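The next part holds the structures, each set out as C-alpha cells.
Look at the two complexes coming up: subunit A is in both, with subunit B in one and subunit C in the other.
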Partner chain A sequence: MFRSTDDFFATGIGRFATVLGVLLVTVLLWYVATTVTGFIDANRLPRPVEVWQSLQAIATDGYGNGRLHQHVLHSLKLVAMGFAAAVSVGVPLGLAMGHSKRIEALINPAFLLLRPIPPLAWIPLAIVWLGLEDASKILVIFVAAFVPSVINSYTGVRNIDKPVLEAAQMLGIRGFSLVREVLVPGALPMIFTGLRLSLQASWTTLVAAELIGALYGLGSILNQAAQDIYPAMIMVAMIFVGICGAATTWLLGQFERRAMPWQQKSVLQ
Partner chain B sequence: MSAIEFKNVSRSFGRDGKDVLVLDNVSLTVASNEFVAIVGPSGCGKTTCMRMAAGLEFPSQGTVSVAGKPVIEPGPDRAVVFQQFALFPWKSVYENIDFGLRAKGLDEAERKRLIAHYIGLMNLSGFESAFPHQLSGGMQQRVAIARAYALDPQALLMDEPFGALDAQTRVVMQEELVKLARKNPRTVLFITHAVEEAVYLADRVVIMTSRPGRVKEILDIKSIREQEQWDQHARVEDVMDLASFVHLRTRIWKSLREEHAGDPEH
Partner chain C sequence: MSALKVMTDRERFTLTCVGTAGFFGLWYLAALLQFAPTKFLPMPHQVLMKLVQLCSEPFAGAVLPEHMWASLKRYAMGFGLAASVGVPLGLLMGRFRWLDRVVTPIFDSLRFIAPVAWVPFAALWFGTGIGGPTLIIFAGAFPPCLINSYRGAKGVEVRYLEAASMLGIGSFRTITDVLFPAAVPSIIAGLRIGAGLGWMSLVGAELIVANSGMGYMIVKGQSAIATDIVMAGMIAIGAVGVVIDVALRKLEKRLLRHRQQS
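On to the complex of A and B.
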C-alpha cells in the first residue's frame, strides 16, 4: 500500500497514528518511571493517575475560582482579542511599510526602538494604565503579537518578485486593487508565517501575564497550584496550555490552506 | 508615423560613486505595426532601451516617446512581455489575462470575448482555470503574450521572452509568434541576444555595440523575407536553411563578433 515509510507518514491517518503512538509511549514511560519503578520521586513529578485525578477535580469541582472549561475559555478569549487586535493593526502596517518607502522611513525608527523590549516588560505599565483586569493582559498580548505580524507582512511585500510588481504597474493596477489583488496575495505566505508567530507569542505572553495576577485563566491555575505546592495541577494547566496552543495553530493552518488555493501542488496533465 | 521613438537617448548608472554610461546617444524609430528586434552583446543596454519605452526606467538625456507622447510612467498602452513571464501566481490563466482588461475598464462581455479569442489563439483552451505553476514555461509565456496582446497596446515590448525556455519550446514559440505577428501586425520592440531569433521574427534588426551601447547598424529583413518568400515555410528550420537567411545571420554574427573582440571578458 505504501511504497516506503515516508509515504505512510505523509497521509493524514499515518500522521494521526504517529502522534497517538508518541503520546502513548510518553505516558507509558512516565508511568513506568514514576509508578512502576519509582525511579523518579512522585513529589517531583506526579504520577499519571494523580494528574488524571486533578484533571477530574478541576473539571467537575473546579479549582482556583472556576472549573476547567471556564479557565480555558477565559484564556482563549484573551488570546483571541489580543491576537485579533494585533493582527488587524500589524498586518496592514507591515504591508504599508513594505510598499511605501516613505511610510517605512516614518515608522521604522520607532519600531526598531520598541522591538527589543520584551513584551513582558510591558506588564508593569499595562497594570498601571489598565489595572489588574483583562484589559491589561490584552494589551500585553497585543504588544507581543504585534511585532511578528508587522515584520513578516513587511518582508512578504518586499519579497514579491519585482517583475510581478512591474507587470501590475504595466497593466495599470493601482490603489485598492493593487493592495487586494497583488500585495496581499503576494505577501500571503509570509503574512501567515507572521500570524503563526504572533499566535505563539500570544499564548506565551498570556500565561506569563496571568501568572502575575488573574482570577481566571490557565496561567492563574499555574500560579495557584504553585502556591498550593500541587504539582499534578501544575501539569494539568501546562498540558492545557499546550493543547490550546496546538489547537489554535492547527485552526490557523486550516485557514492558511484555504486562503491560498494556488499553492496546492496539483499538476495538470 | 513612428510608434516608438528614441531621440538622442543616453543613460548612465551611478556605480561605486562613478557614473557608468550604458547607452550613448541612441536614436531609433519603430514604425507603426513594425517588428523591430534589438540584438547586442550582454550589458549593451538593450534591455534598458525596452524598459525606457515601458516607463520602468528613464533616460539621463534625450527623450523616449510612444505614439507621439513622451513616456512618463508604465501603462497598458505599452504592454511588456517579461523574460520571467511575471504572471500573478495567485490568479488563474483567465484571471491573469482579465486583470489588465478590468483595469482598463472594459465591460464584461467585451473582456470575455477578448480573453476567449486570445486563449484560442495561444492554444490555451482548457487551461483557463489553471494556475501558472501548473503550466510549463512555454505555456506560461503564452499566457503572458496573450495578456499583452489582449490589452491592444500601442506597442508591444518583449524582453528576451523566450530566453528562459528550453530549445524545443523556444522554436515552437517563435513559430507561433511569427504567425501571430503576421496575422495581427503590431508595433513590437523585441530584445534578444539570439541572432537567429531576431532574423526570423523581425522586420528590421538593430545591432548594438558593446557598452556603452550605440546603434551600430540596422538591417532591413522584411524586404528580403518577402522577396525570398520565407513565410511560405511553416517551420523555423526550413527558413533557417535558406541561403538568404544564412547570409543575414552570418552578417549579424560577424558584426557582433567585432564587438566581443573589443570586450576583455571574451
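On to the complex of A and C.
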C-alpha cells in the first residue's frame, strides 16, 4: 500500500499515529521511571496516578481558593481583557505610525525608550501602583501585548507595495475608507503575526504576575502548589497553562482564517 | 497622504524632539501635579539619580553592578545551554526525519507552556541559586533556537545535499559542512529571538525565586514601596537587554559579511 515509510508518514493517519505513539511512549517512560522502578523520586517528579488524582481533586473539591474551572476562567478573563485593550490601542497606533512618518517621528522616542524593558519587569511597578488586584495584572498584560501589536502593524503598513498606496491616492481614497480598504487588508498578515506574539506574551506575563501574588488563576495554583511542595498539582497547573495557551492560539488562528479568506485560497492554488 | 509626502530631515528632527520632550514633559507634569505621591511616581531625574546611587550604595544585599553580574552569569548559563542544545538538535532534526517525528510531538506539547510556569519545578529540582533560574531561561530561549535552526536546515537546497552525498560525505560532516553554514542566517535570527525571550524569562525567574540579581532587586524595591528603585532597575534591565541585542546584531553582520565574501 505504501511504497516506503515516508509515504506512510505523509498521510494524515500516519502522522497522527506517530504523534500518538511518541506521546504514549513518553508517558510510558514517565510511568516506568517514577512508578515501576522508582528511578526518579516521586517528590521530584510526580507519578502519573498522582497527577490524575490531583486533577480530580482540584476539579471537584478545589485547591487554592477555588475549583479548576474557576481558576481557568479567571486567568482567561484577565488575558482577554489585557489582550483586547492592548490590541485595540496598539494596532491603530501601529497603523498610524506606519502610514504617517510624522506620527512615527513623534511617537517613536517614547516607544523606543519603553520597548527594551521586558514586560515582566513591569510587574513590580504594577504592584506598587495598583496592588495585587486584577487591575495590576491587566496593566502588565497590556504592556506585554502592546509592543508586538504596534511593531507588527507598523511593519505591515510599511510593507504595503507603494504602487497600491499611489493608486489609492490617485483614486482619491482617504480617511477612514483608506484605512478600511487599503491599510488594514494590506497589513493584515503582519497584524495577525503581531497578535499571535501578543497572545503568547500575555500568557507568560499573566502566569508570572499570578505566581508573584494572586488569589485565583493558574499562576496562583502554581504558587500554592510550590509552597505546599505538591509536585502533582504543579504539573496539573502547568498542563492547564499549556492547554489555555494552545486553545487561545487556536482560536486566534480560526479568526485569522475567517479574516483573510484570500490567504487560504492562494495556498490552495 | 502624508506617507507619500516627503518629510525633510529637519522636520523629522523637530518631531522627534517634540516627542521626547512630550514623553518626559507628561511624566514631570503628572509628578508635579501630584497625580500620585512622589513615593509612587518619582520624577525622571530622581530615577536617574537613584540609578547612579545604586551603583555605590547596596540595596537588597548588593550594589547594582553586582546584581547585574549575578543576572548575567545566570543568563549566560541558561542561554548558552539553550543555544548549545537547541541549534544542534534543530540541525539533526532537519537532517534525520525519524528524529523530527520523535521530537516534534513532545516539543509541540511543551511549547505552549509559558516559560515562567516552570518556576516551581525549577526551584524544586535545581534550587534557587543558579540552577533553577537557568532552567527557566532555558525554557524561554530554547524554542526559537531549535525552530530556527530546524527551518534553516530544512531550507537548504536539495542539490547541495545531493552533491554532498555524491561526494561521499558522511552524515556528521554533512551537518557541520553543509547544513550548518547554509542555516547560519536563520540560526542567528533564532538566537536573537531566543536571547530576548531568555532575558525576559530571567527577569521572571529572579522576580520569583532568586535571592540576587536585577529582578530580585526590583521586587525588593517593590516590597519597600521604593518606586524610584523599581524604575531604576527597570531601566538597567532594559539597557542590558539592548546591549545584548546590539552585540548579537554585530555578530550577525560579521558572520553574514564573511559569508558573502566566500
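Just so we're on the same page, the second predicted complex is superposed on the first by the 241 of 269 C-alpha atoms of A that agree within 3 Å, B and C clash if a C-alpha of one lies under 4 Å from a C-alpha of the other, contacts with A are read in each partner's own complex, and residues count from 1 in each chain.
As a convention for this text, contacts are C-beta pairs under 8 Å (C-beta built on N, C-alpha and C of every residue); 3 or more make two chains touch, one makes a residue touch a chain.
All values derive from a computational prediction rather than experimental measurement.
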For this session: Return fit or clash for subunit B versus subunit C, each positioned on subunit A through the superposition.
Result: fit
Exercise. After lining up the shared chain so the two structures overlap, which partner does A:E166 touch, if you call subunit B first and subunit C second: first, second, both or neither?
Worked result: both
Problem set entry | Where the C-alpha centre of subunit A sits as vertex, the angle toward subunit B and subunit C in the overlay (nearest 10 degrees) | 90
For this session: Examine A:D41 and indicate which partner it touches, taking first as subunit B and second as subunit C; both and neither are also allowed.
Result: neither
Exercise. In the superposed arrangement, which partner chain does A:D61 touch: subunit B (first), subunit C (second), both, or neither?
Worked result: neither
For this session: For A:V182, decide between first (touching subunit B), second (touching subunit C), both and neither.
Result: first
Exercise. Of the two partner chains, subunit B (first) and subunit C (second), which one does A:P124 touch, if any: first, second, both, or neither?
Worked result: second
For this session: Would you sort A:G245 into first (subunit B), second (subunit C), both or neither based on which partner it touches?
Result: second
Seminar exercise, completed: subunit A contact check, subunit B vs subunit C, more residues touched by chain C
For this session: Taking the superposition as given, tell me the minimum C-alpha spacing from subunit B to subunit C, whole angstrom.
Result: 9
For this session: Would you please give the residues of subunit A that touch subunit B in one complex and also touch subunit C in the other complex?
Result: 166, 169
Problem set entry | Touching residues on subunit A, where the partner in the complex is subunit C | 6, 9, 18-19, 22-23, 26, 44, 98-102, 105-110, 113, 116-125, 127-129, 165-166, 169, 174, 200, 203-204, 207-208, 211-212, 218-219, 222-223, 225-226, 229, 231, 234-235, 237-239, 241-243, 245-246, 249
Problem set entry | Contact footprint of subunit B on subunit A as seen in their complex | 161, 163-164, 166-173, 177, 181-182, 185-186, 188, 260-262, 266-268
Problem set entry | Contact footprint of subunit A on subunit B as seen in their complex | 54, 56, 73-76, 78-80, 82, 84-91, 99-100, 103-104, 127, 130-131, 133-135, 147, 151
For this session: Going by the contact rule at the top, pick out the subunit C residues touching subunit A in the complex.
Result: 1-4, 7, 11-12, 15-16, 18-20, 22-23, 36, 40, 97, 101-102, 104-106, 109-121, 123-125, 199-201, 203-204, 207-208, 215, 218-219, 221-222, 225, 227, 230-231, 233-235, 237-239, 241-242, 245
